[in-house]
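Next come two complexes, and both contain chain A; in the first it sits with chain B, in the second with chain C.
Right after this comes the complex of A and B.
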């Protein structure tokens, strides 16, 4: 034990002499752990909140009964099933707006609520009588209450009409949800005697024993699902975040690897001396591993704290993205579980050990008596380069294989990962070739030395350059994808937002009044009725949209593919357009047939883009929709109005029917709102992108800092034969900038390949839509500039140190090292 | 749901909170029966009972139940017990509110007991929407699929014939109840006093039911028959605040006489006794408090409680001195309001069968 401590003390003395190296190692560990654990914290937060939401309204944790044809059905079905011994409990749910915020109002029946859904217990812990008896209670998450700026006991109006029962904060509740008694829900939503679904409690009976119709309604049994709808819908988003976290983790490990590799090289003489003094290989190994684990623990802990800070900083954007994309609600404050801390530390230690494997193996095989100097670098480098090349080729083949045979989102990310790794591994080979070429054209001794020395520097710099390459490529890829999406989305919005004014009436009565009022005016070009309902196909929610027969749709609708007479056939009722997502999920193409419910099947006559919608969608003729789903609310319609009349019509509608901003909007407002949501959706991606680039910059900086010390023996002779320190510094700067430039140039095509992968593989799997691939040269140039600036910033500190170095330091090189 | 251990562990204090009575009510006697009755109708002596109206619910009173127990035997002579109970409780006084706003909460309990098995279940419902309720004509009392319904024509004298049904996991029954003698008013012409301070309930019984039909126990269908007993009771504050629970029993004696006895336990260790002797001629005589002796003779540890499952029962005025023993000492109803309820047999001066109910025993240790 004493001996081990002595060995440890000897080894640790290295860090005392090279504090910068220690800092590098720790920075690597911290960067790796911080981003990874930050992303994990975000994911965990989101998942917990989905679970909370699901547990509360029953979600799909218990089996449920729905009417596939209608949003609601008579409560008589509940009574009939109870009286037949089925342990069902009614739920009425609808989206409502309170204080300008969209919330889910869920009416539950606490007395029959299955024990499996936590809601019954949550309500029961309060006061059941107060909850069900007038005036009742509205349970709300404390954070939502805060967001609304309301106090407990307040009775806000929903949708500017009915007053909610007094609000009561309930910590277990998911945010964005209002829980009221079913009777209260029916009253405030004006849905007397109607329910949205029946939750099925514990029973030994199954779907097959359910009667054909219950109280005149054909109910569909939806089996419980381990995963909630939200969890499934948002999976791709979280996978995206995870991929980014993993990338930063890898980039961080690059730093760790380079720092440990360097330390090993420098400690070789020490290790050999220790071995010669009789320290066994085993003891040496154990001590080195222990040292590494200790450092990893320190770095991991600091990384976790940084990760927490990052997650807390990103949470508002992530929450906004999830709300915009999926309507998922996330609480505003991070709550972390002990599991997260443990996993973060484990990742840090595991990563450090993995990054140190090569060094550890080399140390274990260290021959006792071989010379203490490094091998002839040329030979070693050639072997290293050919190994890198071979590995790169293998990775490339793997990427191709996964691309050919993989068919999942995970496979898409695997292709990306393999491709990036292949490119990173091939980078030194390519750089070496480029420098060799340059060396051939070199004239003069200094120039020849310049190129040769650049090549000699490669192994030390290559990991940092790889990190830079990866970060840049991912930046180019994601940037291109987001810009492509943005362009496509804007064009698509123009097509989809065909009407000039959008009206959403509070109820059917008001809708009828508005229509009558509009018909009497002469400044209205046309009234385009709209209707929308939701069904389930293959267990997943699908929207059905009713489209009126009007030329503006035929002219503008963003069809991707369509049969020649598609519009006519659609308006005859027997055909439908399907959204791209739905067409991919159900493998539907033009000419296929789709069964909507028992008595309605349609031919698919077209596929249209429906970006940003997590649910599949069908567009059918509006009259056909209302024929098959007569209860579909008809409260929304679009108006075609000449541009000069828009303001007047808006003002008149607002005044006459007291419509607010949510119920009445012109096209420009809707468009601006959509773009705002879109931009926020990718805010997180952009933030993570920047972080990754920052980590790569740090990697480059730390590599250069560590190299600068060890490279003095190479530079000192040049100084001795007459080159000024300033000149030497300039040469060093040029060299690094040259390799960084080559790396950045290589990153551009690689980035475009990454973008293609994202657009053609990952996006389709994640969201179900494919974007046209576009290249944005200005953006590429900008990134190139950013990369060069980053490289310059990373190169400057060591170069400045060299330029200002005391001659005595340079002279000492000759005394010490050689 | 059946024998839900999580439910029983929560105990009845949680159960009270769940029903909105608040944990304070726990201190006011079992299931809040000793709570204040402000705003509800009061129970007073001298009420004239009228049938079929009094078959139905009395929503102005806070609490009410329809309670059937049956002592059954199969063809081989093996004994079984059946319980069917519908409780109604009003959470607020005043006019009945429509639909979901209705203030009535209904609770159903059902059980089948064999010598070695006891299967039970409970269910809850809110009034006003049809999940549970009581219709007078044609008579039907129901909660979910459990029902007690007239097999027309229903006699207003005998409250028969009825069909009694319930099922849960591991048990079920479908019985026909017939009676050849009229209903019996308990206490003083249906006014059943529960304490010295005036707490009381309206209480009538049909002890003359004969049940025939089928029970199902753990998947086995068994043809059975035997005497059954209906209790109808309603009140607004049946227990005094310091009464912690009761021991109640009904007896079908071999000679044809029927006996109902109960002992209300007080917090100070004292007891309030009451009962009626119903002769084979149908005459119901209230028993004076000091004529009744009920002495625990044997205990069973059930659900963390020490319950007196064996009794010495004496009614000196009628020469009754018997030992009562349970068919299954573990007839524990681990429902939201847990209690012991099961068939018993008596031997001694008289032989016979009956039902024992014990409520409000605290968890020991």
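Right after this comes the complex of A and C.
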């Protein structure tokens, strides 16, 4: 043990003498762990939140009964099933607004609530009697209570009408949810005798034993699912985050690999001396691994703290994105579980060992007596480059194979990963070839040395350049995708937001009043009624949207493809347009037939873009919709108003009917809000993009800093034969910038291929729609500029050190003592 | 002390097989100093490496202190080097990140056998007392080689193997280093086998062996 500790002390003494190298290694470990664990903290926070919401009130963790054709059904079904011995429990759920915030109001029946949902426990923590007996209780998550700026016991109004029972904070609850007794929910939501679903407790009975109709309602059995609706909907969002986290992790590991590789090279004589002085290979391997694990633990712990800070900084944007995209509520403060810390440490240690594998293998095979031969080195380098080229080709073939035969989101990411890895592996081969070509055309001794030395320097720089290539390509790819999305989204908004003002009345009575009032005004061009209901097709929720027959829709609707007489057939009631997501999910094309429910089937006469909507959507004639789904609320309508009258109509509606911002909006406001949600959605992506590029810059800097010391034997002879230190520094600068420039130029086309993959493969699998692929030259030039500035910043410190180096340092290279 | 019997070694490349040692045999007694000379590429260093267990012989045996060490596994060979052998190289092979003091006790600590009195004597005899806090890069070539000799002798080895320890030094320093080696070997009672190109230095040792064509003459 003492011997091992002494060997460890000897190895650690290297870092004391090379603090910059130690800093580099730790920066790599910290960056890798921080970015990965930061993203994982966000994912974990979100998933925990979904699970809390689902577990408490029966998302999809327990079986349930729903009416596939309607949002609610009579409560009598509950009574009938209970009498028949079914362990069912009713739930009524609706989105409501409290203090300007959209929340889910859920009415439950605590006595019959299945034990698996844990709702009983949540209610039981308070007082069951107080919960059900007037005035009742409204259970709310403490963070939601805080967000609303209310105190326990407050009785806020929902949608400016009904008053809720006193609020009671309940830490177990998911944020954004209000829980009341079902009787209270039916009263405040004005849904007497109606329920949204029946949760089915533990039973040996199954769907087949369910009567055909219950209390006149045809109920559909929805089997329990391990994954919640929200988890399924948000999977792609989290997968995107994970992919970014993994990329940043890999870029960080490039730094670790570079630092460990250099440390191994510098410690090679020490390792030989240790072996010569009687340290066995086994002991040396064990101690080197122990040293690495120790450093990984230190870096990992600091990285976890940084990851926490990153996650806390990004959480508001992620929460806003998830709320805007999916209506998912995330608490505002991070709460991390022990497994997050353990996973972070494991990633740091695992990553460090993976990054050090090559060095560890070389050390294990280190011949005690090997003497470095320049020619042998060159041959080994050539062999390594050939192997790397072959591996790159294999990865490229693998990417092609997955592209052709893969059919999932994971396959999409696998294509991207294989493509990026192939490009990274091919980079040193391409650069070596380019430098060899340049060397052939070199005239003059200095020029020949310039290219030859650049080639010799390449192995030390290649990992950092690979990191730069990856970071830049991903930046170009994601940037192009986001810009393409932005342009398409704006065009789509113009098409979908056909009306000038949007009104959403509180209820049918108010809607009728508003319609009468509008009819009497002469500044209203047209009133476009809208109606929307939700059904399930193939087990997934689908919105049906009623569209009025008006020229503005025919002129602006964002149709991707349609039958020539599509609009006419749709308004005759027997046809529908389907959203791109739904058309891909159900493999529907123009000319196909879709069964909406037992007595309504439609022809598909067009496919339209519906970006950002996680649910599938059908657009049908509004009268046909109301005929088949008479309970569909008719509280929404759009108004066509001349631009000069918009402000006046808005003000009059607001004053007359006390409509708030959620109920009344003009087109410009809705567009601005949509774009704000869009921008926030991609704010996280942009932040991670910047982090990744920053880490790649650090990788380049650290490689150059660590290389600068070992470069002196190459530079000192040139200084001795008459080149000034400044000129040498300028040559060094030019060399690094030249290879960085070639790398950046290669990253641009690679980035465009990445963008194509994201748009044509990943997006379709993740969201169900495809964007038109567009190239933005100005953006490419901007990124090229950023990359060159990053490379310049990374190159300057070692170059400046060389320019200011004391002659004594260079002389020492020639001294016999060295 | 050291007995080498019929030792052979050859190196194979794609083109040819070079027989470096062809049945070499020699012996070194305790307290005896032996010089091994020969032209470049004659196999002097190879012979030293095989004796030290740094490389594996094709045939023959190496006996140290009455035990055959040929064919021992890496762990046993490492233990032998650690505890019973001292190695001095032309390139010094000091640990650059350790101070002079730490380099001096380096092998002794690996062997778990530190004798403060002996270390103090070595430090004084080698003229390192004033340099203990420095690092190898801050020493001259002669000082570095003295430190390497000190490190090898600190463990009180049975046999000291020196591979051209004066190859990087000027004549005066080389003389000084060999003088020190002889004195300390005599003081510690270990055997010394020193590879050298210099006939002048070889003459200062007890016995001389010459390697030519893979055989000792």
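We adopt the following convention: the second predicted complex is superposed on the first by the 809 of 818 C-alpha atoms of A that agree within 3 Å, B and C clash if a C-alpha of one lies under 4 Å from a C-alpha of the other, contacts with A are read in each partner's own complex, and residues count from 1 in each chain.
Keep this in mind: a contact is a pair of C-beta atoms (placed from the backbone, for glycine too) under 8 Å apart; a residue touches a chain by one contact, two chains touch by 3 or more.
On a predicted model such as this, the values are computed, not experimentally measured, just so you know.
J.: A:270 contacts which: chain B (first), chain C (second), both, neither?
T.: A:270: touches chain C, not chain B.
J.: Between chain B (first) and chain C (second), which does A:282 come into contact with in this model arrangement: first, second, both, or neither?
T.: A:282 sits against chain C, while chain B stays out of touch.
J.: Taking the superposition on A as described, I'd like to know which of chain B and chain C A:129 touches: first, second, both or neither.
T.: In the superposition, A:129 contacts chain B only.
J.: Between chain B (first) and chain C (second), which does A:13 come into contact with in this model arrangement: first, second, both, or neither?
T.: The answer is second: A:13 touches chain C but not chain B.
J.: Applying the touch criterion given at the start, work out whether A:201 contacts chain B, chain C, both or neither, answering first, second, both or neither.
T.: A:201 sits against chain B, while chain C stays out of touch.
J.: Tell me the contact category for A:727 with respect to chain B and chain C: first, second, both or neither.
T.: neither
J.: Shared contact residues on chain A, chain B side and chain C side combined as an intersection?
T.: The overlap between the chain B and chain C interfaces on chain A is empty, containing no residue.
J.: Under the touch definition given earlier, write down the residues of chain C that touch chain A in their complex.
T.: The contact residues of chain C facing chain A are 49, 52, 54-55, 74-75, 78-83, 85, 87, 89, 91, 93-98, 102, 106-107, 109-112, 135, 137, 139-141, 144, 151, 168.
J.: Show which residues of chain B lie in contact with chain A when the two form their complex.
T.: 1, 4, 6-7, 17-22, 91-92, 97, 99-101, 103, 105, 123-126, 129-131, 142, 144-145, 167, 169
J.: Would you tell me which residues of chain A are touching chain C in their complex?
T.: Of all residues in chain A, those touching chain C are 2-3, 6-7, 10, 13-14, 16-18, 269-270, 272-283, 368-369, 816-818.
J.: Can you list the chain A residues touching chain B in their complex?
T.: 75, 78-79, 82-85, 87, 109, 111-112, 115, 124-125, 127-134, 181-184, 186, 192, 201-202, 204
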